[in-house]
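The two complexes that follow have chain A in common; it is paired with chain B in the first and with chain C in the second.
Let's turn to the complex of A and B:
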């Protein structure tokens, strides 16, 4: 009978109790896994945004317009590599309550600033050539079942057409993916020329200018130079890294990270109480046995190791099952939450982080009973009932 | 029957009084249930506070007109001509002979959050003095109202609380224009307090939106005048406006957004409750096990199965109620009145405070009781079905 068997026997002696402890641990790690993955997906654009990309918006607020000619002036600033501009279109397809993440962009420069946006060469050519062409991210294309060659009507809840109509006709020219930032795969991109020639207001104005630089080290200096260029003009600007811009935008929804941390901490506190106390009780019940083992010559350190192994095994098995279940659930949830795309997935960091917490949980819940088991005097142990 | 009740009372009180003997296991169940209840209540109070900030802002005797299909103020557009036509409509209250009509411009400006130190969207509303007058509950708490034709603004109480630099007397730079904050207004903590107000003409010229508005608000002669106004607007082909009462408008805004928060709270709490249930079952099974001899003795001296069953269930329910009450107290102490803000469907920040209500505490307590009942019922079966002879002989 080896050590591992003793550990297994101890866990198996009260199967219901072991099962209930596993359920509690499972739940806590399921919550940790699912919420942590959600949190990372929610903040993914802050990390995915290439560090060398900068965003220039109107100083008053990013919903305020900038003249389109600012893009050309930004291009002149030393250290700026590629410049593009975009405007929020406020588009929706049939159902107004389901807005599209739709921007009017300048296709050629857009692709230069976002080199990770990928589409087949012939689709790329088609999108660049067709004024009414649309490039659709693959998540959104899949959601609405749009295919290259489809002609679709899209309405805007912000803009009106000059001819009085509400629906713009588009040709789906391209379906794109973005391996660096899969949240981008939820976007719909129309041409800014088509936008300018059809809207009743907002012509030759853009919401934001995005550009890449030749070296991230110069970013601060370049941002200052861009803002200085437009200081005291009709539309003053503020320039920041894309990561910082996205972080500020995400923060507008509230401190999601704090809420998730609190919920996960609460769940962990609960299982710490439950599992910790159950382990203490379970070892107390075995007092006489531990006495017998010691009488047989088992060392105190072996007893300590066995009890710790028991709590560790329990915590790690429960955690791995919980993280596995979280993986399954978020995979399904990702299909329904537009805008998250394939960002919502179990990452190695979340999984390993969970296993790390499980080891800590196992050590903490096993510490008190293991210590008292180790310190137990044989005479006391055999006398205690 | 009376005998059974007396037996139940005896066993239940014995079990409950012996809880301190199983202090740590019992405590872990109480704490686990309290944590679940506190999390649920925090989410419910957040959703409720957010909904109330919006729904309590709407008055039944104020009508709001948006571009047909716009749904939110930020997406709406109204021309000067349309605003002029509306002034002639029936059912509008008058002050000094003038109809209480307010054509308003709504633009978004940056504020810096006191908590995150990041920039956030705040609404700057340009409105005429009549627009301030038609909102009956608004009162100036500090300073005074803005004057027509000046770069003066008044700010809502929530804005000064959650965002930096909006205190009375401060100046605010928006593009090339500098504005002075001359007053702070209050409106019972509603969404209006998340706004900045300035003179509509000045806001129009600074933001280059002359003769252009987002919404028209009118004070109705009475709430019952709404159908007549609606008929008038629908009958004029130049208007193409959707008319509804402010109460309807705000409750729709609230419904769209607070739904999400509520939908998150319950599943989270239910998942956590399953974990707490595992703890409760564990505690109760070990309680039944440790009382084995006692239960057998009671059965031997004539106590029935039903009192044994109910007695064990009573212990579990006691733990659940204690946990529930502790959770409710903790959530109330920590979160009641806690101020937070989030992005509304108007794409601007809505500041709101968490609101714990007796009804929400009631639903949280129900969750605790469900954990108590399920956590008690199976161990109670075991207690009731224990063989007397076996348990007494085992020692």
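Let's turn to the complex of A and C:
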């Protein structure tokens, strides 16, 4: 036997109580793990967005179109390096309930503005050359089992074809990766020319213009210059960094971070009270035993350490189980959530952050009973006074 | 050479403050407990028996006066020093055994050895010896709830002696036992005194205990009334 075993034995003395405390901690950390993973996935593209990229959208909102010729005019603004444009296609493959994150883009300029997008040279050539070619992010390709050379039908929730149909035939020309932004690997990119030729409305219009600049220091000035270019036009613009755009996009869904913080904080506060109170009761029940240990020669600091070790062990075990379960759920959810699914994962940062919170929880819930145990007078504990 | 006295109490006073009332338990108490003594301390409830045992074991503090162990003052030791001193020199036996319910008999006996530098092998050997001495080798893996009161008290004795302390302090060790079992327990204490030279102080209401001890002290209102001669 050793002191660690003594800690484990004490935790096992009331198995149901220990189990219920574990369940409470498990739930708190499951929520923390799952929500934090969603939060990070949601904001990952925001974080990955290059500061050198700016996004121009319709001033009313980004769902309103801009004339495609704006791109050429943006290119003329001093300090602008490369310009591309894209439109939301609203595509889906077979099941309308599983939308694709599909954009119509100009392949050549897209690759210039997003140099981190990587694909084999022959696939790149094929995509640039094939009007009906599709570049598929590797996550989506893996999800649907698409390979280069496949011919696949994709329908749109937004657009209709001129022939009255909703299904477009595409050739998978390339499968790409993006080491700088794994969320991008969930995208499906079609050629804007094919889009313009086939849709019944929205021709020569785009949802956003994205461009890189030669220096981030000039971004503010360049953004103002771009917006000034289209002031008092039929489609006024607003220009901001890609990060700010992504942040604004995420904000449409509410302040996710605040919601997560409130949910997790509420769960933690409840757990803190439940576990803390239970630990106090658990130690109070052992008052006499603590007195006996001290009588045998166990130091007060050893008693303090044992009680803290109990609460720490409980918190960390509960947290690891909760985070592990969250990892499992996230893994499954990631397969169903196109777009940021590839970023939806239990990262080391989330896991270690959770363990850190568990250590804090263990210390806080164990502090009061441990302090009481340490201060307990032997004669009082043994009822001998 | 060891001091001939295990304990020497000199002008020990002990006062409590309870609410607005100051209660004096001892006022200038003197006591000598020679090494190898087996002494019973008897007296009515409230006479100060348990307080005296607490003071001897360093689990309560004197208000004034001195307590010497082997000629060294222990009343001036810090809490940590007292813990180490108790672990090395004192074994406690309580009326209600005070075993850890979550530990087996062997694990209960092993508890004091966790404070020593002994390895697991030596600890197991000492535990086996202590349990053998109290006749409970076959109960090593039993939990307290699986044992009778007498067996639990014998486990408590094994726990008290496993680290080979010089002194055993016993608080009503037979108070919760039937006569036959009580005699068995007292027989073990007598054996520990005679064969192993342990100094034993027993606080008790049980007059039968005095048949086994070398002498008896009667405590009344914090004062020793009479002393029987060393046997």
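Annotations for the structure displayed:
Following the convention adopted for this analysis, the second predicted complex is superposed on the first by the 347 of 385 C-alpha atoms of A that agree within 3 Å, B and C clash if a C-alpha of one lies under 4 Å from a C-alpha of the other, contacts with A are read in each partner's own complex, and residues count from 1 in each chain.
By our rule, a contact is a pair of C-beta atoms (placed from the backbone, for glycine too) under 8 Å apart; a residue touches a chain by one contact, two chains touch by 3 or more.
Everything quoted here is computed from the prediction, not taken from an experiment.
Of the two partner chains, chain B is the only one that A:263 touches; chain C does not reach it.
Of the two partner chains, chain B is the only one touched by A:276; chain C is not. Looking at the shared chain after the overlay, A:96 reaches chain B, while chain C stays out of its contact range. By the touch criterion defined above, A:232 lies against chain B but remains apart from chain C after alignment on the C-alpha atoms of chain A.
In the superposition on chain A, A:24 makes contact with chain B only, while chain C stays out of contact range.
Number of chain A residues touched is higher for B, counting chain B against chain C. In the superposition on chain A, A:60 makes contact with chain B only, while chain C stays out of contact range. Residues of chain C that touch chain A in their complex: 16, 50-51, 54, 57, 59-60, 79-80, 83-84, 86-88, 92, 94, 98, 100-103, 107, 110-112, 114-115, 123, 159, 171.
Per the touch definition, chain A reaches chain B in the complex via residues 16-17, 20-21, 23-24, 26-28, 30-31, 58-61, 63-64, 90, 96, 157-158, 160, 166, 232, 234-236, 247-248, 251-255, 263, 266-267, 269-271, 273-274, 276-278, 280-281. On chain A, the positions that touch chain C within their shared complex are 1-3, 6, 9-10, 12-13, 288-289, 292-301, 378-379, 382, 384-385. For chain B in complex with chain A, the residues that touch the partner chain are 24-25, 27-29, 31-32, 35-36, 38-39, 69-71, 75, 77, 107-110, 113, 115-116, 118-121, 174-176, 207, 268, 271-272, 274-276, 278-279, 281-282, 285-286, 340-343, 347, 349.
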